[in-house]
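In the two assemblies presented below, subunit A is common to both, partnered first by subunit B and then by subunit C.
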Partner chain A sequence: MTPDLLPSDLTSAMLMATSVGVLVTMSLALVRATLGPTVFDRVLALNMFGTKTVLLISVVSFLTGRSDFLDLALLYSLINFVGMVALLRFTQYNSFSDNVPPREESP
Partner chain B sequence: MNIIVFALLALLAITAVAIARLRELWAAIMFTGIYSFLSASWMMILDAPDVAFTEAAVGAGISTVLMLSTMALTGQGEDIPRKSSWMPILIVVVTGATLVYGTLDMPALGAPDAPVQLYPSPSYVERSVEDMHGLPNVVTALLASYRGYDTLGETTVVLTAGIAVLLILRRDPKEASATEPSAGDEPA
Partner chain C sequence: MIALEVISYCFLIAGALFSIIGGIGLVRLPEFYSRMHGGGITDTMGAGLVIVGLILLAGPTLAAFKLFVILFFLTITTPSSSHALAKSALSKGLQPELDVESEVELPMLGEGIRQ
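And now, the complex of A and B:
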């Protein structure tokens, strides 16, 4: 598969800097997910990690000139959303069934 | 490009260590999701987008939801901190060193004189139409006929795993209609 459009040198350096920044942000999110004392710290860190994965894939797709990776980035964001909804539903109701008992008060 | 690969591999190692050290089960499940995202990104940088697609959909999507629902049924009791012993890490290090030693003989990534580029694929491309009585799709011919036993085994594994998941996640109609059962009579 031939590359669609390879970036110029300046664009390539800029994309490299962007991907390094995204990787640093991913490391910081990982640190927060490891340390995070509450559930929501970890949920936020995981959500941010998934978003940064999408960004990293997009940057890499422009870096290598393969625009078909962008479809994968879309799939990743969809999966990230589904996993996040499942996780939040689990932390809220402790169950996935449809007939969840209504909470008296939202925690 | 190498910076991204090394950083991704380092993040993978950190995530694996974090999974092994965490004691909250749901946090460990979330970290397996992170691990799947990372390994899928790495596979995509290695130019295998189809494998990355599968890894992202199955590893980060389906298996996270399945493990969370399993935890909803079996209870989220934390594992008691076990006494650390040296035997498991010795076994892991020896196995890893053996695998790394095995990769030393492998041809470089994308080498044109690698055996996989030279011998089998051209002959399959040339012969599959006659062998399969005119089936035009080479990938289908490989999956369904040349690798038929392999695909049969994979399908058996998937069927077994599906049956096991259904057995774990099933819920008796009587039990669901009754009041919420206590956590003790669910099989742990």
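And now, the complex of A and C:
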């Protein structure tokens, strides 16, 4: 089947089971993002949450028969990567700008 | 055709199970560097198996190609972001908790390279 057609009953049940599993994982990631003692735990949980969002959009695309959702999933994976790198840069340099202190050369 | 669908169901359910296992690991493991292992399981096995299952379900269509591109970008971006995360944590001086006393000095990037 293509995602342009609505899935059969068994396929629909399997896709729903998969999306429930992904949703459970997303809530576990949110638990860690809330608890996380360091900022890196929160960044790890948010990165995982973004990846799971891509999966959820793909599965929902098949479930509802709309193949244009796959483009959104692709875009979301790229945005997730850029946001993650930007956040890590912020935690490392406390700034989003290019004016970072020069790195000292190790001997 | 039915066989292909059954194989894709197996992939989808296995991917969902790996996702849940990794999520439990993310919540229950004791410290940051072990939690990265739980996150890594969901990013590789979870996402990989679910997307391969969807590709098998889609057959040779444009949707399968889009899913393949998504899988390609995920396999490029998630290891590099994990690497950046671990390097950032190490350079901030976050020490891994060990069961035994380590005789080897762990290289802390924060002390050696950057002040």
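Assume the second predicted complex is superposed on the first by the 98 of 107 C-alpha atoms of A that agree within 3 Å, B and C clash if a C-alpha of one lies under 4 Å from a C-alpha of the other, contacts with A are read in each partner's own complex, and residues count from 1 in each chain.
Keep in mind that, in the parts below, a contact is a pair of C-beta atoms (placed from the backbone, for glycine too) under 8 Å apart; a residue touches a chain by one contact, two chains touch by 3 or more.
None of the values given here were measured: they were computed from a predicted structure.
Comparing subunit C and subunit B on the residues of subunit A they touch gives the larger count to C.
By the touch criterion defined above, A:Arg32 reaches subunit C but does not reach subunit B.
Of the two partner chains, subunit B is the only one that A:Leu72 touches; subunit C does not reach it. Once the two complexes are laid over each other on the shared chain, residue contacts for A:Asn47 go to subunit C alone; subunit B is not touched.
Of the two partner chains placed by the overlay, only subunit B lies in contact with A:Leu63; subunit C stays clear of it. Touch criterion met: A:Thr18 reaches subunit C, while subunit B stays clear of it.
When the two complexes are overlaid on their common chain A, residue A:Ala86 makes contact with subunit B while staying clear of subunit C.
On subunit A, the surface patch touched by subunit B in one complex and by subunit C in the other comprises residues 20, 26-27, 43, 80, 91. By the touch criterion stated above, subunit B contacts subunit A in their complex at residues 1, 3-4, 7-8, 11, 14-15, 18, 22, 26-27, 30-31, 33-34, 37-38, 40-41, 44-45, 49, 52-53, 56-57, 60-61, 64-65, 68-69, 71-72, 171, 176, 180. Every residue of subunit A that touches subunit B in the complex is listed here, in rising order: 16, 19-20, 23, 26-27, 30, 33-34, 39, 42-43, 46, 49-50, 53, 56-57, 60, 63-64, 68-69, 72, 75-76, 79-80, 82-83, 86-87, 90-91, 94-97, 101.
By the touch criterion given at the top, residues 5, 9, 12-13, 15-17, 19-20, 22-24, 26-27, 32, 35-36, 39, 42-43, 46-47, 50-51, 53-54, 57-59, 61-63, 66-67, 69-70, 73-74, 77-78, 80-82, 84-85, 88-89, 91-92, 94, 112-115 of subunit C touch subunit A in their complex.
Those residues of subunit A lying in contact with subunit C across their complex are 1-4, 10-11, 14-15, 17-18, 20-22, 24-29, 31-32, 35, 38, 40-41, 43-45, 47-48, 51-52, 54-55, 58-59, 61-62, 67, 70-71, 73-74, 77-78, 80-81, 84-85, 88, 91-92, 103-104, 106.
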